[in-house]
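Heads up, the next two complexes both have chain A, just with different partners, chain B and then chain C.
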Partner chain A sequence: MSFMRNNTIKSIFYVIATILLVLLPFYVGQYTVTTFIRIIYFGFLSLSMGFLIGQGGMVSLTQTAFFGLSGYIIGLFGVERGLIFPWPDLMAIGAVLILAFLFGIIAMRTHKIVFLMITLAFGQVCWAFAAQNTTILRGWSGIRGIRPFVIYGINFNEYQNFYWASLVLFFLSVFILWRITKSPFGLALNGIRENPKRMAAIGYPVYWIRVVAFLIAAVYAGLGGILAAYNTGIIMPTTIQLSRTIWVLLTVILGGASYFFGPIVGTAIAVWLDVLISGVTERYNLVIGVIFLLIVLFSPTGVIGIFDTLRKDKKFTITNIFSFKKRRYIQKHKRRW
Partner chain B sequence: MEKPDQQHALTVKSVSKNFGGVRAMRSVSFDVPVGERRALIGPNGAGKTTLFNTIAGELVPNEGSISFFGIDITRSSVQKRANLGLGRTYQISQLFLDLSVEENLYLSGSGGATKAFKFLGSWKKNKVERDWAQEVADQVGLKEYKNSTVSELSHGLQRQLEVGMAIAMRPRLIMLDEPAAGLSPSERIILTDLIKKLPRDVTLILIEHDMEIVLDIADRITVMYHGSVIAEGTPAEIRSNLEVQKVYLGSSYV
Partner chain C sequence: MELKFTILILNGLTQAAILFVLGSGLTLAFGLMRVVNLGHGAFYMLGGYLGWSVVKATGNWPLALIVGGLAIALLGLLFEKTMLGRVRGRDLPETLLTVALSMIISDICLIFWARTAITLNVPQYLNPPITLLGLTYPGFRYLMMAISIFIAVSLWVILYKTNLGRAVRAGVDDRETVSALGININKIYSIVFVLSALLAGLAGVLGGSYLQLSPGGDTTILTLSLVVIIVGGMGSLLGAVVSSIILGQIMSFGLAFAPQYSYFLIFIPMALVLALRPQGLFGRQI
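Then we have the complex of A and B:
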């Protein structure tokens, strides 16, 4: 069966990729590993936004605020109050859930462009609050000195250990989110993306499904925020400013918003482009902008969209070049991935 | 107080709806007994779709009340009415275009408030719901299109799916808003057969301009004109009603 053979090749690819990622600290230096940690925590944030866009059709510009909120909680309770792991982290997720619920019950009354504007407003309110509150959140200078913890004799201040911890958390979280997209809840969310009016007419609680999806996405942004705070050691208003939100939105589109793994691929590419091009020229934002423009012009479904098109195109396929059945299968059942 | 009315699937009592200064419905009243097949006819702009949207809950009436199997639903949400067993189709198909036929029917068949909040396990493992989606797909003639994306289906097949979406809900009352809109003569036959094959205990309300379909399906006909009900009766009575002939039917049906 050609279809099975293709699946085998796919799984071998994933296994090799996983092994390479796990063994990463053994064959590259600290800088590269730290870059991968950045990909992981921005990947969480991007996944959070991408899940809402791709699965639920909701473009939310509040996600960065949740990313920052969990960082601030870690800063406030971990550094300033000196609470030990896991309390600041659990409090961070709790705070994110509470804030997301409050925002969600308001924002989910709206759709499309109004939703975009209201989430933009929420994000900006959080940013302005963080910037102007000097008594607790320390205003523009932010909270410094956030350090990872030592637990069971494992010191997560060492970048290798922190990388492995982040990687395990990331794999687990991605797997759970992937399962959610395949569950009845995920399908209902897809239905809301396609046609909320019909979803109500066939008896779904559209509003609450959207609120729950918003909570799930917020938790992912929060997890990213925790890792980011530990890794950079600092949390300040610039972490949650609008340009960061837009950058995350770009990574989602770059990778392919309609694909589950699009945001992760987009983040990996964008972070590496930042690293590579900023080493060559100071005007790296210009170069990145042009690359982004080209990709979006030629493939509106992002980088994964390019590969997906190639996969479906008889001429370019590798795994099914000899298989007539597979080709017919793809033509008949056009799937997203 | 009246006792809950179990004889009538739907009771609409002097319902009015205004859009600004436009009076789309003026004190519309009618009852549909359980199991009846009722057609709603009238020229464009008569208020038929407004009435449908009011019954389905997408519009709230300015005056009057609506009860469904004896339960007052005048101010209930769309979702609540659907869960009570009110299924509808739309004049313009409202399908999940990027999903497959099976996914569409699955969603429609498991629309209860509790069934959506299941996060673990693939929906594909829910055998009962999938079998039901398959059964409906067979029923509406979409057997071989089960895995096709809806946006790739022809208009005729999409209209069949539109009816299937309402059937999959297992409704007690099914409301079809111009199911045959834009269909070719041969597609109309398929669709009419499909509607006629619905179980007799399901109450049906149908808006349709094609009089052949109406006369073929309906037990009774309600005629609307300028937001009011002007006549109600069996097909024979409606044909011989002079006022109806004047506003709507034209000479060929006299």
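Then we have the complex of A and C:
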């Protein structure tokens, strides 16, 4: 029961946060709610990449392609063929799984930096195909007019309903991924992150565990892609271009790749930064590039890492955020991730 | 018909010249430092834009080549000394730093050269029509091939005939032993990274004179150079030569016969190589 007591404050915090999120459409305007929807679908994408980086030690730059693929499937079958609700979505997830399997069995033969390069190239293959195929995927103009459905009398075209649906899906998915992380499978994955050779030596099918992790991550990217396609109503090659992938990588690092919730926190910060900065300057990429640089150089554990370090120090007050001792503490723990 | 094929092959070789200068820089840095410089495309673009400005101001193309190359080399030196050196030996932070740098560079390029697409002007005295074997072809493209061959030979001489090259090649195999032998491996890292940046800058000026420079083009260039080194084998100079020739021909013929998929086609050799020989044509198992 001490477990409960220690976490009381934390639990209260989570409950309040959940209530605030659920009641969001009642006290803020449409623009803010739409921004939260953006955080949710990019959160899926970021979570997908963050899961591979944080749990499996694999920096995959293909995730955005899965995000785009499910959007394209929704566009092709939902808009152009006119299939009704669950079918385009199920087909999207199916297509994502097939593509992820094909990419996975090739890419998982490599490790670390070579893996990164190969997944980057895979992502670019998809981008090149989407951009240059004018007959099916409509080239640069993409597929327009994607709209959510009316299911059981609930019209998901209304932004409040769409927000709640996204939020429920998000909570559910995050919870499942959390359970996966803590399961024997997740622990095996952590072991592979630390030392694949040893895990193979004690009898784990390293290659297949990595492939399955890749599939799980791809499904999360695909779910995000479905929500994004419905919300923006359009899917085009710029959705899956490399700069988007790099932005997602940034959100993962910004929040803290070694923390489960890091990618979500990072996405929330990056999206809100986008909203705040875009009113002041067009140089969003410059600002976020500099932030990226500083995070990598001075605080590789990300924003959550900074707060975590401060809390462990038991000296978290406003006055000593930038104190010298803290910097040394962070430096000492730089190698954590 | 024969004439057309010859021209396509020559176009392919011109393309290969650019691809080689690009890919050799990346492969050099990767071979020794195990750093994938994801800012390579941004280096290329900045070099090209600087060269464009120099040509616009002075009309002197050779000067543009030198300025573009040296400016990027200097940038590479600064970046290596102040940032990359701080996270040495840790793959992920090293790569992420180059990613961050590429974001910053491409946005800065957007501030100063926010144009749709530009091409460097090549002066007439560098671009005489040359007739070889009954075929007239722009002289500047022969010049590009010549520069590329010159770079390939110089790299070969540096890597295989000098003490620096011997240290670099030894460092590829075993960096601990090299530094235990009293060679300053950090200095060698810096030299190699600067050389790699220099090559990216030169490639930018060369490529900017043949292809177009446009905002956002850095990711395309980065992908091309990654494909070159994946096909050729990471860290292999010979691999970069062979794969850039193959890819150059594919790009040239693809543009002529299947323009819709010209960019997509270059990934086919990559897929084949990854499936059949994952370390690349001339690479070693990493």
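By our rule, the second predicted complex is superposed on the first by the 302 of 337 C-alpha atoms of A that agree within 3 Å, B and C clash if a C-alpha of one lies under 4 Å from a C-alpha of the other, contacts with A are read in each partner's own complex, and residues count from 1 in each chain.
Just so it is clear, contacts are C-beta pairs under 8 Å (C-beta built on N, C-alpha and C of every residue); 3 or more make two chains touch, one makes a residue touch a chain.
Everything numeric in this text was worked out from a predicted model, so none of it was measured.
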> Now for A:L310: first (chain B), second (chain C), both, or neither, which partner does it touch?
Replying inline: neither
>> If you tally the residues of chain A touched by each partner, is the higher count for chain B or for chain C?
In response: C
> Is A:N195 contacted by the first partner chain B, the second partner chain C, both or neither?
Replying inline: first
>> Quick check on the superposed pair: does A:T110 touch chain B, chain C, both, or neither? Answer first, second, both or neither.
In response: second
> Touch check for A:I246: first (chain B), second (chain C), both, or neither?
Replying inline: second
>> After the superposition on A, what does A:F129 contact: first (chain B), second (chain C), both or neither?
In response: second
> On chain A, what residues does chain B touch that chain C touches as well?
Replying inline: none
>> So in the complex, the part of chain A that touches chain B is made up of which residues?
In response: 179-180, 182-188, 190-191, 193-195, 197-206, 209, 212, 332-334
> For chain C, which residues count as touching chain A in their complex?
Replying inline: 30, 34-36, 38, 83, 86-87, 90-93, 95-97, 99-104, 106-108, 110-111, 216, 219, 222-223, 226-227, 229-230, 234, 260-264, 267, 270-271, 274-275, 278, 286
> Once bound in the complex, which stretches of chain B touch chain A?
Replying inline: 56, 58, 77-79, 82-83, 87-88, 90, 94-99, 103, 106-108, 110-113, 115-124, 126, 147-149, 152, 165, 168-169
>> With touch defined as at the start, can you tell me which chain A residues reach chain C in the complex?
In response: 59, 106, 109-110, 112-114, 116-118, 120-121, 124-125, 128-129, 131-134, 241-243, 246, 249-250, 253, 283, 285-286, 288-290, 292-293, 296-297, 300, 335, 337
